[in-house]
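In structure tokens below, several structures.
One chain, chain A, appears in both complexes that follow, with chain B as partner in the first and chain C in the second.
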Partner chain A sequence: MKNKLMHLSNETMNVGFVKKVEALSGSSVRRCFQCGKCSAGCPMSTFMEHPPNRIVRLLQLGQGQRVLAGRSIWYCASCETCTTRCPNKVDLAAIMDALRKLSWDADGPSKESYVQLANRLFIENIRTYGRQYELRLGAIFNMKSGQFLKDLMLGPKLLSKGKLKMFHSKNRNIGDIEGIFKRIEEMRKKGEAL
Partner chain B sequence: MTPGKKKLSYSYYPGCSLHASGREYDISTRALFKALNVGLKEVPDWFCCGATPAHNVDELLSLSLCAKNLSLADQVEGDLAVACAACFSRLKTTQHHLKEDETKRKQVEYAIDGPASLNKPVKHILEILAREYGLAKLEESVKKPLMGLKVAAYYGCLLTRPPEVPELDDCEDPSIMEDILRALGAEPVKWSHRMECCGANFTLSRPGVVLKLSNAILESARLAGADCIMVACPLCHGNLDIRQKEIKEAYGAPDSTLFGSIFGSDLPLSTTSEDRRDLPIFYITQLAALAMGVASQSLGFESVIIDPKPLLRDKQLL
Partner chain C sequence: MSRIGVFVCHCGENISRTVDVEQVAKAAGEIPGVAYSCDYKYMCSDPGQTLLKKAVAEHKLDGVLVAACSPRMHEKTFRKAAESAGLNPYLCEMANIREHCSWVHEDREMATEKATGIVKLMVERVRKGKSLAPITVPVTKRALVIGGGIAGIQAALDIADAGHRVVLVERDPSIGGHMAQLSETFPTLDCSQCIMTPKMVDVANHPNITLYTYAEIEKVDGYIGNFQVTVKHKARSVDESKCTGCGVCMTKCPKKKIPNEFDQGHGMRPAIYVPFPQAVPNTPVIDRENCTMFQSGKCGVCAKVCGPGAVDYEQTDSFTVEDVGAIVVATGFKLYTIDRKPEDSPIQGYGEFGYGTIPDVIDGMTFERLASASGPTGGKILRPSDGKEPKQVVFIQCVGSRAREKGISYCSKVCCMYTAKHTMLYHHKVHDGQAYVFFMDARTPGKGYDEFWRRAVEEEEAVYIRGMVSRMYQKGDKIVVMGSDIQVGVQVEIEADLVVLATAVQAQDGADLLAQKLGISYDKYNFYSEAHAKLKPVECATAGIYLAGACQGPKDIPDTVSQASAAAAKVMTLFAKDQLERDPVVAKVNEKYCVGCFACKKVCAYGAIEEKEIRDRQGNLVKKVAYVNPGVCGGCGTCQATCPSKSIELDGYTDEQIMAMIEAL
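Take a look at the complex of A and B:
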């Protein structure tokens, strides 16, 4: 995919997708003039098949599917170095967030479902408990990702150090927290929020 | 304190990590504030700010979770003190975005079923110590200067980036941690990786990424001659402390790498395996409280993986 010749036409360019990314992120992709500072500073670019500046270039060319099909967006660590250093105020970290949301909504073609799974469990934990229940997060992640032995030796050690708690109680205001989730879902259903 | 001046007092948002994996950060923050006679009152019923996973896939949810927590914080008097760099970044980001974007503010206000409170100043522990309590007074309050302790001050990502959000220090060349360390009598080292990412929350989903990035940070600190690293973020602490032994196993034998086999172990880019010493990772509040004469038993040293006590004994700080 990386080196495949790209034919640009009305059929291969999805401008609607790019507009969605711009609306969600509040940042223009058109301002980028490809200086490459974002990729030079990115701590994760070695793990990505498209470094950050190329992600923006692909978006400029309407290649949303190419971006979503790759793993780059799931290897972004949200360190904000790119946003900090962009001379044209392209908020690349926010664009990455927008791309992940669009992939998430479509239950994406992403190969990097581990990161998606971790995010989903983390957010579920908030909805169920209010505060993070780290032991449950780790245990369910391992179960659902099929990595039963991952960090197996670490768990008991952290429990004995008091860094993981065996039991965890729900917040008293868990009803208010559920309300936030419900009202966001409702706004989206009515088309009042992206 | 000048006569008649009001005692400093803060509301406090600890965040989830400080109640579990980063408990020693919470313990030492409370101990330090008590020693400095600064008030600290926990926000009732606070809940998770959403951290990186929430904004990663759902910005509106992230903003709403933070806005609700900010309105809970309004019930407690005093500016909001935050210790965790991720919570700090999310709460500041929420205030910044919602002040600028009215559409988003209205959506968030609908989601939290109430007005978004955007005016309570959110302050990181570092700025409370350096600016509000003040470096001069901090230096005066030191009972046991951290003489001879060479510290690599590690900022990570979220304390300074992006520049218009945290308003803590320069986004490329901050000095607030080093300033505090000097006030405590310690010796900050100059090093290359103080603002590089540790891999953050990939510790759950992609630990291999964390091992690679955190190894570079540890190596850079060792090469600069640091005895230890100081952090202000529970995720950075987790990656550098909890995973340090694993990192050593993964990268412990430099001679077996390609570079090692070609150039030998005198390659200046990495330390030799004998030299690959354990680096204790301290929270800023642990070092500051130690310097204020707080007993080491109340700083949560028993919770960390890389035992800092041998180093502290060696420097006659215990």
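Take a look at the complex of A and C:
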């Protein structure tokens, strides 16, 4: 996908997707003139197959599929260095947020990426227990991702130091936390939150 | 014994970096006849000049040598300073130890030795120098402007408004040039015709302007203040004094299918025509190559229908000689055309772009005509092959420009901006269309220029792709454009309906020939050279000739108009005086020894040498000798070198001076 010939036409350029990104992020991608300052300062840039400036470039060309197919958006640490330093006021951190949200919603190629899986389990854990239950998170992540033995040997060490707990108690105010989730869901329905 | 002062300049670090200036000054002080020597950081600065003036007074100097940069740079400066100190300015000379020494050498010791040598020999020149007085010549307060585009029009109007008479000569049947062809102009998008045509009418109506269209420069004689220019008036076949511009001849002409040059060959015109409806003058011209009357001798319709009887098939080329004091050259540019290139052009075509073979690959000027309300499509963007409205248009920048391999290494300067403008015009006229631009760099320096380009991208939705196009080919009714986006690092393919090439700006055809007639210099691209890139940007090295517009190098309209007004201001400065002072470095004949062989006359490039008769008291002819007209003499010294009897000497460069300089080495 990365190096595949790019056909450009009104049909192949998904302007609707870019409009969505712009609406969600509140930032124009057309403002970017590709100076590369975002990529220059990005701490995660070396891990990305598309550095931040290229993400914007692909959006300018209506190539949302190419962006979502990669993992770059999941490597973004949301440190906002790019946004802070951009000479054209392109809020790249917000664009990355929007892209992650759209990737989440879409049956996109990265739907099953481990980052998404980890994020989903993390949130589910909090909703169920009111706080993080690390052992369960690790166990379910390993099962669902099919890597049963991943980091297994760290378990005893962490347990002995008390960093992991075998059993977990629920947060006393679990009802309030459920309230937070409900409110966000409602806001999402109204389009007020990502 | 002479009392010469030597002043050695550091030129900041330019000289002192390589040359030990203190040692040079010290060595100069030891030359016999040098009464004073010193070194200073910037001799040309105000304190430097004051130093020179003070030394002249204190040490009673009778000659001054400034060892610094080239005399082309500062000779005038120092001669003025010497003059204000009471010295004859021609007793002040410069020793060039910058361009001729410090800039071209690295070894400090050897460079210092060379600088000392240069100073030594120049001291001898000053010693043998003579006081000279400037020559005065009368100024003809009438200017010639060559070229009737926006540059020539602006210069002509400015000079004429100042109260001087102007002759404007245009090669084509109408003035207006390239600007009249444009649809709208960046960065404000005002209609070119709307701002251009009033100026054209002003030229035609101005009492101080004599307008010659369909005319060319045949010959240029004379010198600053006193040029004699022969103008060739090409046979128009229509008597301008009789023609009323009614246009009946054009409507009745049976031959109507001739591609119109003004519309880049995309519109049609008759054989008797005006290039465009707003032409100035509105007098038609007969295109003899395409006229049935001239080709087969049968037709004559235009002469029959012409009420005032202005059509004249018998007309021939005529010539007039114009006396002018200054010349403004404003001959403009042409666009690099790949298919119509002359065979001997060093520029190779772009076979990969299919220009000239694929009908829907056009150049920028053709797009201007398509977008223009006065153009062949009435302002609708329709492609040439089938007249359909293109939905995908690809623009390619830097075609010809910045391509050393193709023979042009320079940037054409206007293409980035006009391509941005084209995408906007296209977007305004075809709302559902998409414009793509392949570019290497967007070069938009200028007031409001970058904002204009960003507007094309951000608001008018042009897709700019950094990268070039490798190939284009016809596929059905589409043109497949294969390029790359180097920011993403992928190959890009677009099926376009129309491709517009931003082709390079080049010097006009025949620019070199005109330069040779005028005696001005030009670069390897045939663009005219200014006297100094920064400090004399509108003057030619040849005195009295000024440059305006794109004949000097690619330029946009604001720059062209600025330069035209600047050239006009230079002409007005020249015309502000009745007498013109000239450098007295001219040749003089020693009539006693001259044998009248006139070898000098044969070699003189300026035509300055005349034959003079010497008669005794009874009026009998004794002999003929050479006489140098000081107003015409260019001071080149060729006659001095040629004269077999050594009876011509160039003031300021006498044999005595040169021999003394050689001996000093």
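The rule is simple: the second predicted complex is superposed on the first by the 176 of 194 C-alpha atoms of A that agree within 3 Å, B and C clash if a C-alpha of one lies under 4 Å from a C-alpha of the other, contacts with A are read in each partner's own complex, and residues count from 1 in each chain.
The working rule: a contact is a pair of C-beta atoms (placed from the backbone, for glycine too) under 8 Å apart; a residue touches a chain by one contact, two chains touch by 3 or more.
The shown structure was predicted, so the numbers you read here are calculated from the model rather than taken from an experiment.
Aligning the two structures on chain A places chain B and chain C next to each other without any clash.
With both structures placed on the common chain, the touch criterion links A:Gly175 to neither chain B nor chain C. After overlaying the two complexes on the shared chain, residue contacts for A:Gly191 are found with neither chain B nor chain C.
When the two structures are aligned on the shared chain, A:Leu58 is found in touch with chain C, with no touch to chain B. When the two complexes are overlaid on their common chain A, residue A:His7 makes contact with chain C while staying clear of chain B. Once the two complexes are laid over each other on the shared chain, residue contacts for A:Asp97 go to chain B alone; chain C is not touched. The superposition places the C-alpha centres of chain B and chain C at an angle of 100 degrees about the C-alpha centre of chain A, rounded in steps of 10.
Note on chain A: of its two partners chain C and chain B, the one contacting more of its residues is B. When both complexes are overlaid on chain A, the residue A:Phe33 reaches chain C alone and has no touch with chain B.
For the overlaid pair of complexes, the smallest distance between C-alpha atoms of chain B and those of chain C rounds to 24 Å. Interface residues of chain A facing chain B in the complex, by the touch rule stated above, are 24, 26, 43-44, 47, 75, 77-81, 83-84, 91, 93-94, 97-98, 100-101, 104, 114-119, 122-123, 125-126, 130-132, 134, 137-138, 141, 150-151, 154, 157-158, 161-165, 171-173, 176-177, 179-181, 183-184, 187, 192-194. By the touch rule above, chain B contacts chain A in their complex via residues 16-17, 19-23, 45-48, 50-61, 64-65, 68, 101, 107, 110-113, 157-158, 161-163, 171-172, 196-197, 199-202, 204-207, 209, 213, 242, 302-305.
Only residues 391-392, 432, 434, 436, 454, 457-458, 461, 463, 465-466, 485, 487-495 of chain C touch chain A when the two sit together in their complex.
Per the touch definition, chain A reaches chain C in the complex via residues 2-10, 13, 28, 30-31, 33-34, 53-54, 57-58, 60-61, 63.
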